[in-house]
Amino acid sequence: MTTCCKTKCLEEAQAYIQELKTLKPCLYDKDFLRTWDKSYDDIRTVLLVAQILEDLYCANVSCRIFESGIAASVFRDNSTRTRFSFSFAASLLGLKISDLDEEKSQIAHGETVRETANMISFMTEVIGIRDDKWIGQGHKYMVEVAEAVAEGSKEGVLPQKPCLVNLQCDEDHPTQAMADLLHLVKHFGGMDKLKGKKVAMTWAYSPSYGKPLSVPQGIIALLPRLGMDVVLAHPKGYELLPEIIEAGKKHAADNGGSLTVCNSMDEAFKDADVVYPKSWAPLEIMQERVRLPSREGPEQKKLEERALAMNAEHKEWECTEEKMKLTKDGKALYMHCLPADITGVSCKEGEVAASVFERYRIDTYKEAGHKPYIIASMIITSKFKDPAAVMEHLIKEKKPRVIPL
Amino acid sequence: MTTCCKTKCLEEAQAYIQELKTLKPCLYDKDFLRTWDKSYDDIRTVLLVAQILEDLYCANVSCRIFESGIAASVFRDNSTRTRFSFSFAASLLGLKISDLDEEKSQIAHGETVRETANMISFMTEVIGIRDDKWIGQGHKYMVEVAEAVAEGSKEGVLPQKPCLVNLQCDEDHPTQAMADLLHLVKHFGGMDKLKGKKVAMTWAYSPSYGKPLSVPQGIIALLPRLGMDVVLAHPKGYELLPEIIEAGKKHAADNGGSLTVCNSMDEAFKDADVVYPKSWAPLEIMQERVRLPSREGPEQKKLEERALAMNAEHKEWECTEEKMKLTKDGKALYMHCLPADITGVSCKEGEVAASVFERYRIDTYKEAGHKPYIIASMIITSKFKDPAAVMEHLIKEKKPRVIPL
Amino acid sequence: MTTCCKTKCLEEAQAYIQELKTLKPCLYDKDFLRTWDKSYDDIRTVLLVAQILEDLYCANVSCRIFESGIAASVFRDNSTRTRFSFSFAASLLGLKISDLDEEKSQIAHGETVRETANMISFMTEVIGIRDDKWIGQGHKYMVEVAEAVAEGSKEGVLPQKPCLVNLQCDEDHPTQAMADLLHLVKHFGGMDKLKGKKVAMTWAYSPSYGKPLSVPQGIIALLPRLGMDVVLAHPKGYELLPEIIEAGKKHAADNGGSLTVCNSMDEAFKDADVVYPKSWAPLEIMQERVRLPSREGPEQKKLEERALAMNAEHKEWECTEEKMKLTKDGKALYMHCLPADITGVSCKEGEVAASVFERYRIDTYKEAGHKPYIIASMIITSKFKDPAAVMEHLIKEKKPRVIPL
C-alpha cells in the first residue's frame, strides 16, 4: 500500500462521512434481523459505514472501538464464510469471539432460550446467530433471544445490551444481501447508478438438498428499493414466502424499482444487467419438513428423496454460456453467495457452467469480501448513536492497525 | 450510563480499595481450588476485587492488564455459563482463550498429565479446569496439573507460572460459591449483614442423573464462615462428603456462624432468609460409579437406573409455594446455580415450582452475573502481589473500555 | 523476574539485533513450508528473531504488532503442542485465532480449496496448516492454498496476503525442526558450537500406527547445514523420502556437515553428542495407504495390522540406558518432539526406557517451549521487510506486556 493510496482512501472516507451526516437512521440500540424492517436511511447508513471501514482498513487505520468484550456466536448450521466474516468483524473492532456450541453446553438440560441468552451476554456486545434450516423457526428464535437480552438489560442483569446480527435465518440473510448490494455499488460506481438496472434472481438446479430460501428472499426484498428492476424466476413449486414478495414490492415504490415474478429463466435473463442464479429448496417440502414429528429418521429421508427428484426435473435451469448471451450485451454481472454448484467441478450437473463461473470467480470472491465490513458496520451502528462521530474519532486517532514498518 | 452513575461507581470502587488495603491475603502465586483452603482475608480479598471490577466495568474503565497472553481452559464436562464466564474474565483482562479439546489433542496417545500441563502453559497466565463428574478424581487432577506447572516454572520450562482456577471439581465449585456469596452481599447490603441469616441448602428432586455434589458442598463450606446459619437438608442416602461438612463446621467458628444437618426440607426452610434447593446425586452411587471397571457400558447404565429410581422416591422435595411460605415472612431469597429443573417448564416434575422460579428468575440471572468478575478477581489476586495497587493503576490510567461516544 | 535479569535480556536482544542486521534473508512476503527451500541466512534470521522474542517476553516487553487481525488455522490431524504454540504466537503478536473446522464448514459441499483459502483470508495475516497423515498430499495442499491467496491478493480480493506457516506436512515439520535447532543452540552455547557435533536421528519401536515421517525428515534436512554430522539409522523398510535425503546431503556442503544413513541404532549412537530416537511408519505402507480407494474400511485396517506387525519385529530399537552408554561420555543430549512412547509409562514397550526419558524430561519440555517463538518469528519475517527494525521498534516503545506491578 503506497502512501498515495492511503491518502486516497482517507479522502474517500471523509467524503462518505459527510454523506453519512445527512442521514437520519434509526439503528441505535436495535438489532439487525431483516432488511425490510429497516428504513432506506438505515440501509444507506450501514452501507456507508461499511465503505468507510474498508477505506480505513486499506489505510492501515485501526478500527478498534472496544478494549475488551465478547462477540458471541450461535451457529445452528454449518458455515465457513459467515463464521470467518463474523470473526473478522469482531477482531476489527477489538472483540473476542465466544461460540455457543450447543452440543458442549448444558442446553439439552432443559435450559430455556431466554436464560441461555442472558448467560452468554454478561460482557457481550453482539450476538451473531445462524439458524436457517427450519422454516418458521430461525427468525422466531432470534426474536426470542432479542427479547430475552432486552429484558435482561432492562432488569439490570446485563450491564450492556448486546445487539443481534442475523447471520442467516429462514427468512433473510441480511449480511449477504447487504454485501451483495455493496458489491453492486462498487461494480456500477455508486448507489445512484443502480436505478433502472435489471437483476435476474433465478432458481438454478442443484443436486443437493434443503438449501435455504433466505438468500433469494434477501435479494428480492432489498434490491428493488434501490430502484432496481428485479425479476424473480423459478420453476413452479419453488415459490418464496409470499409475505416477503409483498415486502419487496412495497419497498420498490420508494425509488421507482420493481419486483416481478415469472417461471422462465430465459425471460429473467433477457437484457439483465445482473444475474444471480442459485438453487433453493421447494417451499412446500421445507414446510412439511418442519411438521414431521422428528428431525431425523426415515420420514425425513423420504422427504429429501422427493425434493431431489423434484430438483432433477429442472436441470435445464443452469447458468450456461447460452443463457448468458441473453443478458445485456451478453455481459451481465454474475453473482453468487458461494459455494456454487459448478457443473463438472463441484458436481456433475449444477447451477452454473464451469466457464461462466470461472470468468466471474474473482468477482464472486470480492462480493464475499464485503461481508466482514457489513457485519462490523451493523455492530457499530447499533452500539453508537452517532456513527459519523465514531468514524471521525478513528481517523483523528489514526492508530496504525499494523506497525507501519 | 450517565456521568453521575459513573462517578458513583468510581467512588464506590475507591472505598473498596481502602478496605482492600486493610487485608492480609495469601493469594499471590497460589491456585484457587477450594474455598476451605483459603483464609477469611483471602475470601474477602477476592470478593472486594470482584466488586471493584464490577464498578470499573460499569464506569467504562478498561481492566486490561495483559497486552498478550493465554487463558487456557480444560472442560471435562459440559458447560455454558462457566465457559462464557471464563471467556468474559479473560477478555476483560486482555487474555485470549485457548481451549484444550482433549478429543482433538494427542492426549489419547499416552501423554502424561504433567507433560500436557506444561505444553499448554508456555505463554499461559491462567488455566481454568472443570472436572466434576467422577468423585475422587477432579480435585486430584487439578492438583496434578498445579504441581506440573509449578515444576515447569521452577525448572525454567515456563517463563511464568499459570495460576489454576477451579471451574468446578468433584469437591468444590468455588467460582459459583463466591458468586453466590457476592449475590448475598448485594442482596443484604453488605458482608456484615450476613451474620445470623439462616440459609437452607437443601436437596431437591430432579429426573436427571449424576449431578455433582460440588455446588452444595461449596455453599456449606463457605457461607457459615461469614457468620450465616446454614442448614443442610437432604433425604437419607444423599449425604455430602464428610470431610467437607467438617471443614464447614470448623470455619463456622470464625464469625459465629453454624452448620447443621437434617433430613427435612420443611425444617430447613422454616424461617430461612435464603433457600437454595438443588438436586445432587446419591453419594454411594457416585462412589460406586467410579469403581466400575468401565466408564461406559451396561453396568453404568444399571447404576443410572438405580439412582433415578432412588431420586423418584423423593419427589416431595420440591420448592413449592407452600414450602416458601415456611420461610422468614414467606419471602426468603431463592437461589440456584442454574439451570434449574422447573416443574412443568424444563421437566414434568422437578426442583422448583414454575411460579416460585419465575418470581426469582431475574435474581438467579443476577446471581450468575457475578461469576465473570469473581474469576477475573481470582486471576488478578494470584498474579499480583498487591491487587489494590493494580486497581488504583487502572483507575489512574482510566482508559475507556469502549470509546466514549 | 528481577530488574537485573530484564536488563540482561534486553542487552542480549540488542546483540542479536546487530547480528540480524548482517544477514540477507529472502523471507519477506514468502511462506514457510520447508526448511530446504530456504537459504542459510533465512534459517539464521528466523532463529535470531525467535531468540529476540524470547528475550523480549522475558523482559516483559510487549511484542504486539497487530491491533487487529486473524491467524487462521487448519488442523487436518490432532494436535496439542502445535495448536497451543500457534495460539501463543498469535496472541504474542496481537492476532486472534480463527480455526477452520472442516466438519463444521460448508467444505464438504464441493467447495474448492482455492475458494476456501480466500474466504478465510479477508483479514488474515497468517494461515497455519497441519496436514501430515497422507504422503504426497500435505505439502501439495499447502502449495494449493498458497497459490490461491497469492492470486486473491494479486486480483484485489484480499487487502493483504496472509503468509503460510507449515505446522507439519507429510514432508517437513519446520516449526519443530527449527525449535529443535534453537534447543541445540541454547544447549551447546551458540550456533557456531554445533559444527562437528554428531547427531543420531534414529527410528525407535512404537506400538502405534501411522506416525508421520516429517519429524526425522525435518531433522536430517536441517541439522547437517549447521555443520553437524547427522547419522540417520532405521531398520530396512523404514526409509525416508529419497529427495529429502538428497536435500540434506546437498545442504550439508554449506558448512562442512554431513548426512549418512545406516541400519544400526548402535552405530548411530556411537559417540553421538545428540540422540533423537523416534518412531515413524514404514514408507511403503504409507504410500500404499494413500493408493487405497477409501480412507476408511477393512483394507486400511489390514494395512495397519501389517505395519504394526512390521514394527513389532524391531522392538530392540529402544533408547535404553545401555544404548545411551554408547554415546559421547555416555551423556548425549536426548531429544524428542513429544509425546514419546515411554516403556512402562505410556505403553508396555516403546521408544525409550523410562529412566532415560525421566533424566531428559525437563529438557524435552524446554525443547518444545521454543516453538511459539519460532512460529511468531516466521510470521514477522514474512510480514515485514526489515525484522530488525521491527524488533528495535518494540524495544523503543517498551510497552509492558503485563502491567509492571
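Annotations
Read from first to last, the chains carry the letters A, B and C; within each, the first residue is number 1.
Operating definition for what follows: contacts are C-beta pairs under 8 Å (C-beta built on N, C-alpha and C of every residue); 3 or more make two chains touch, one makes a residue touch a chain.
What you are looking at is a predicted structure, and each value in this text was computed from that prediction instead of being measured.
Least-squares overlay of CA atoms from chain A onto chain C yields a rotation of 120° to the nearest 5. Because chain A and chain B carry the same sequence, their contact can be compared by residue number, and under half of the numbers here are used by both.
Computed centre separation for the pair chain A/chain B is 40 angstrom, with centres defined by C-alpha atoms.
For chain A, the set of residues that touch two or more other chains comprises 96. Within the complex formed with chain B, the residues of chain C that make contact are 57-58, 62-64, 75, 78-81, 83-85, 87-88, 90-94, 96-97, 208, 338-339, 341-342, 345-347, 361-362, 365-366, 368-369, 371-372, 399-403, 405.
Those residues of chain C whose C-beta lies close enough to touch chain A in the complex are 65-70, 72, 95-96, 98, 100, 104-107, 109-112, 115-116, 118-120, 122-125, 152, 155-159, 383-386, 389-390, 393.
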